[in-house]
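Take this structure, written in structure tokens, and hold onto it; I'll ask about it next.
Chains: A, B, C and D, in written order; residue numbering restarts at 1 for each.
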Amino acid sequence: MLRKSLTLPATIAAFAAFTAAASAQSTATSVYMPAIVELSGGGAVSGTNYRDGMILAMEEINAKGGILGKKIDMPLLDSQSEAGIARSQVQKVLDNKPYVIMGPVFSGSVMTSMLLAQQAEIPQIVGGEAPAITQRGNPFVFRTSFGAQFSMPKVANYVRDGAKAKSVAILWVNNDFGKGGRDSFVKEMASRDIKVVADISTESGQADFSADVVKIKAANADLIFVYTNEEESARFLREAKKQGIKTPMVGETTLLGQKVLDLAGDAANGVKGHVGLTVDAPIDAVKGFAERFKKRFNYVCDHNGMKGYTAIYMVKHVTEKVGKFDSKAFAETLHGLTITPAQEPGILMEATWDKNGDIDRESFIGEVVDGKQKIVATLPKLGLK
Amino acid sequence: MSPVLQVNNLRKSFGGIHAVNGVSFEVNDGEILGIIGPNGSGKSTLFNCVLGQLHPSEGEVRVDGQVTTGMRPCDINRLGVSRTFQLLQVFPQLSVRDNLILAGQEHQGTMFTRLIGRSDAGLGPAADQMIEFFRLSHLKDQMAGMLSYGQQKLLDAAMAFMAGPRLVLLDEPAGGVNLTMLGHLRERLQAYHAERKATFVVIEHQMEFVMALCTRVLVLAEGKLIANGAPEEIRRDPVVIEAYLGHGMNAA
Amino acid sequence: MSRAGVLAIALFALGAIIAPFMLKPFGIFLISMWAVLTIAAIGLNLTLGYAGQVSMAQGAFVGIGAYTLALLTQAGVPYPIAFVASGVLCFAIGWLLGYPALRVQHHYLAFVTLAFTTIVFLLLRNEEWLTGGIYGVNAIKRPVFFGWNTGKAMDYYFFCLGVLSVISFAVWWMLRSPWGRAFVALRENPVRALSLGLDTRRYTLMAFAIGSMLGGFSGALFASLVQFIEPASFALNRSFDLLLMVIVGGSGYFMGPFVGALISVLLPEWMRITEGYYLIIYAALVMVMMPLAPYGIVGLIERGYKSLTTKRGQQKPASVVAERAAP
Amino acid sequence: MASFIQLLVSGLATGAIYALIAVGFTLLWQTSQTINFAQGEFVMLPAFFILIAMNHGAPFWLACLVGIATSVVVLGILFKFIIVDPMLKHGVLPLVISSIALALFLKEAVKDFYSSQAQPFPVLVSAGDFHIFGAVISSQSLVVLGVAIVTVVGLHLMLNKTRLGRMMQATAQNPTLATILGVPVRKMVLYTFLVNAVLVAIASILISPIYLAKFTNGETLGMAAFLAAIIGGFNQVRGAILGGIILGILDNLSAAYLSSQYRAAFPLIILIVVILVRPQGLLGRVEERTV
């Protein structure tokens, strides 16, 4: 029974450690805006891109004197791509009164943690795309990319008007990201009278896609819509090429992302899709950013890198507009705000945040040609308010 | 009065090998029956079939006239039949006292009353008595695993007696026990038998032990019963001698 | 119980009561998590440590409990009823899961329970009509008892601590009753136990059912603590974590789960300085610890204490290891 | 029909790799009661040994040899002496825990010291595809199948036709008896660890072009190895082979014809049924329990 007494000092030491850890806070010279991102686990590709985009923006801003004279203090916390860990990381940083919270990227992690930030009235700038995030009436959550409910209509229009498909097969990954996209897409297909002839769920981390390709082949659709994470997309494309699928394939942002192209090689050629954000956009500011990113991190940035980069500049702009570090005023100001590259070059493309925290900006139709993404069309803003 | 234990034409085969091949015998009240036979003659298998640890391929076992074939060992035990094992079978991480209480507790009350009732299920005094009877008092609170081999054998036997059984099957109680301890064990078994009038069946290799303890002896060879009689008769039976020598075993 | 033991328990309890007053909300969240996971670990310790049934399903029971509470309270069922239902449902499912344990043991049982955990995860994820699927269940309420609202972090912590105390006492009572002896007998030598009249079938099922029920209660508390649950929280990793907690703390020791859960919850915080290398270090520590102290931290401390106080303390029962190792 | 053949062939190719992994798994179990929960990570790791060798300029074939050799040292010798041997006397469960921790350690080590992202991995042969009855069979699948069959047959011959193999078998089946018969049991146990290391390295070379080399790859592969070993028979090498192939084919067929949402559940249900109805596995022997 004595065994407990020995663990007690350890416990007390641990408690002391918590109290001592409360050092990182906004100070006279810096503003505390921690980032919770997927640095490991299934979301590591997205998370590291998002992180590096933020770091690049932070370095640029700090080099020029920071925001309202304060340097950005952005510690990085790993959510390990797990919702529960993301939640406790958010809880942890809330102890230190952050100005805003950056991330997470995974929708599930956003959903578990956004309630906490809302209760603490701290704005959270997230990368998640699941529609539900902005449909819960949370005035403190803001997206950095389209929610699936806005990107899917754009894809659907392309399926109807561009590809002129009458039937589609859907391949999606059964996690929060894939399910959200799939549900929105199916809804859009229904409203356009396009038949979904195959609806195939795949596992996150799945390696063998032969059965899925066989099913897709058998469905004989006019078009295949692929909505899976980077690695799974690449594996699927390889298997599809092997089995000789000729049906055109369409995706949303991820499918045309740099990592997929690297991994899939020539199997990605001919893939088309809607791209919310891309470094291949025919915009000079974006190209300049892409070069700086490549130079700094030695790899080609994907859309998540752009999300992270523009997010930090958005914070800078809004803060300067408010004129002080006030989390509540920040959230109020951002609703309904449009930021143009003329006002803030770092925003790269004109962007508007609506009353729910959804973002609106131009987007693109891309195509993979010779292992490279090529932008073939630019789609206008949706006009959200 | 019907016999305490009746075994009728019991057979047990493992993949074509008949370990026990049509054995029938009876054990009368108050008897100490010895079962001997060369290694592999089916003695332990016979015990396991009688006690429900193995299901016989054929045949029937009755305790006090009631058929027990097909019953689970715990139910047979609760009819008042207990046993010891050839290899050491105490609970090393329980104290000597707890081993004994455990051996008796399932005979007290129901699952529910055992849960809400006293920690020792009211068996503390009985356990202490048994400990004293087997002269283990100085080891009462030791973990059973720390006892010497002979002490564990004593404890094993004591556990078999804890619930006040009607019939006790002892599987090589003397195996591996040194001479001093052996005498002690035999003397305690005889004392218990005299005191409680319990019926014993003993499997043993140690001939002297069997001859001194048992009132009647059965001989098994290759799964069959080849002799049945008083110890002195058995010692002289040519069939028995043949069975042992035929296997190149030393009878004594 | 020794005087040192009583003193230690009192100090431990005192620590648990004053701790939240020294902590910020995140610290309170962590110790609440400790209380919640300790309950699940106590359950697993019962199944694994005392009754010797290797279960990799405890995480799934935490999940079943969490979903039961979340869905019932959202359907308007009063909190206390939903809470009890979480435990009762897990008790019933645990009882059923115990049946394979009657047929197979050790690694086979580990794989059956592992399969069960994965199937539960798939059901939680795929049966969207019931569980909300991959999106999980949101905005789970914290209970109000006779005007005491546990919505605030500290109130909820004390609620969890209260449940933990009640459960600890109940389990302690059970283990000191003949049942505790029967569970140990089941672990050490089921064949011998059977020959002593022990209904091993009933005790095995009971060990599974009660262990699972505690998993369910833990899950119910978990749901209201994090207020958002999703299937991935209850996948195989959760079961592995709980297994590690019990083993690292000391399986078969009453205090094992308390210490194991404490380490599992606090270690990531202590090791924040190691940046991303926390998991590597944790894994390495476990690998180093297992050969040195397979009986866990509490076992190590107890053995160390015994060897200080008695000369025989060092002596280890020779046959114990062999008994537990036999496949 | 074409799609059925397609599924069968793909399933066979994956199943053959599962079989390789499962065979090593059962060998370890038989000779040293090691349930290696890190077996999946053992398959994940050699691919990174090979990638590291290639990053240092080695051609692919040389890198493969380096990878196999490193596996033998790390996953064979070091694993046995550092992890397994100190644990053996403590029984099955502590070793299980150790191997779970080892799995975590290997995963995190690759993630932190190499990359968290999937890496492309070269294929052994990249020639064209074949069309049979309308099914497309890539040369890659054929190579996978071929190498797996050659390895398994070679192992089988080694175990059954050579003196060394028979000594290993004797060790696996009854170490006590083997010792009496003069078999150097300790050496034989070590050999099974080496054989396992070679098997997982080969499996890694075969599977990484398809899976892409990634630190999480072991999670599914390890599970596949357990399932195959148990379904086929934990104490039989040919049981593990059968189990692997059944699993590969079953996974593909159930995903295609039953439900893709529950594809992960079907092998588990088979597992539970096998364990409850025939715990020794389809080809396994009953291990007589003595009282």
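Here is the rule we use: a residue touches a chain if its C-beta (ideal position, glycine included) is under 8 Å from a C-beta of that chain, and two chains touch if they have at least 3 such contacts.
Quantities reported herein were computed from a predicted structural model and do not represent experimental measurements.
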{"item": "Interchain contact steps from subunit A to subunit B (minimum; 1 if touching)", "value": "2"}
{"item": "Which of A-D and C-D has more C-beta pairs touching across its chains", "value": "C-D"}
{"item": "Chain occupying the middle, per Cα centroid", "value": "C"}
{"item": "Chain centre separation in whole Å, for subunit C relative to subunit A (CA means)", "value": "36"}
{"item": "Interchain centroid distance [CA atoms averaged], subunit B/subunit D, Å", "value": "47"}
{"item": "Centre-of-Cα separation between subunit D and subunit C, whole angstrom", "value": "32"}
{"item": "Multi-chain contact sites of subunit A, meaning residues that touch two or more partners", "value": "39-40, 174"}
{"item": "Numbers and ranges of subunit D residues touching at least 2 other chains", "value": "261, 264, 291"}
{"item": "Two or more partner chains touched - positions in subunit B", "value": "53, 85"}
{"item": "Interfacial residue positions of subunit C with respect to subunit A in the complex", "value": "1-2, 4-9, 11-12, 15, 19, 22-27, 29-30, 33, 125-126, 133-136, 138-139, 226-228, 230, 232-233, 253, 255, 258-259, 262, 266, 269-270, 272, 276, 297-298, 301-302, 305"}
{"item": "Parts of subunit B lying in touch with subunit C, wherever the complex brings them together", "value": "51, 53, 72-74, 77-78, 82-83, 85, 88-94, 98, 101-103, 105-108, 111, 114-121, 143-146, 159, 163"}
{"item": "Subunit B-touching residues of subunit C, taken from the complex the two chains share", "value": "174, 176-179, 181-182, 184-185, 188-189, 191-202, 206, 312, 315, 317-320, 323"}
{"item": "In the complex with subunit C, residue positions of subunit A that touch it", "value": "1-8, 10-12, 14-19, 21-22, 39-40, 78, 82-84, 87-88, 91-92, 94-95, 108, 111-112, 115, 130, 132, 136, 174-176, 179-180"}
{"item": "Residues of subunit C that touch subunit D when the two form their complex", "value": "54, 100, 103-104, 106-108, 110-112, 114-116, 118-119, 122, 126, 191, 240, 243-244, 247, 276-277, 279-280, 282-284, 286-287, 290-291, 294, 321, 324-327"}
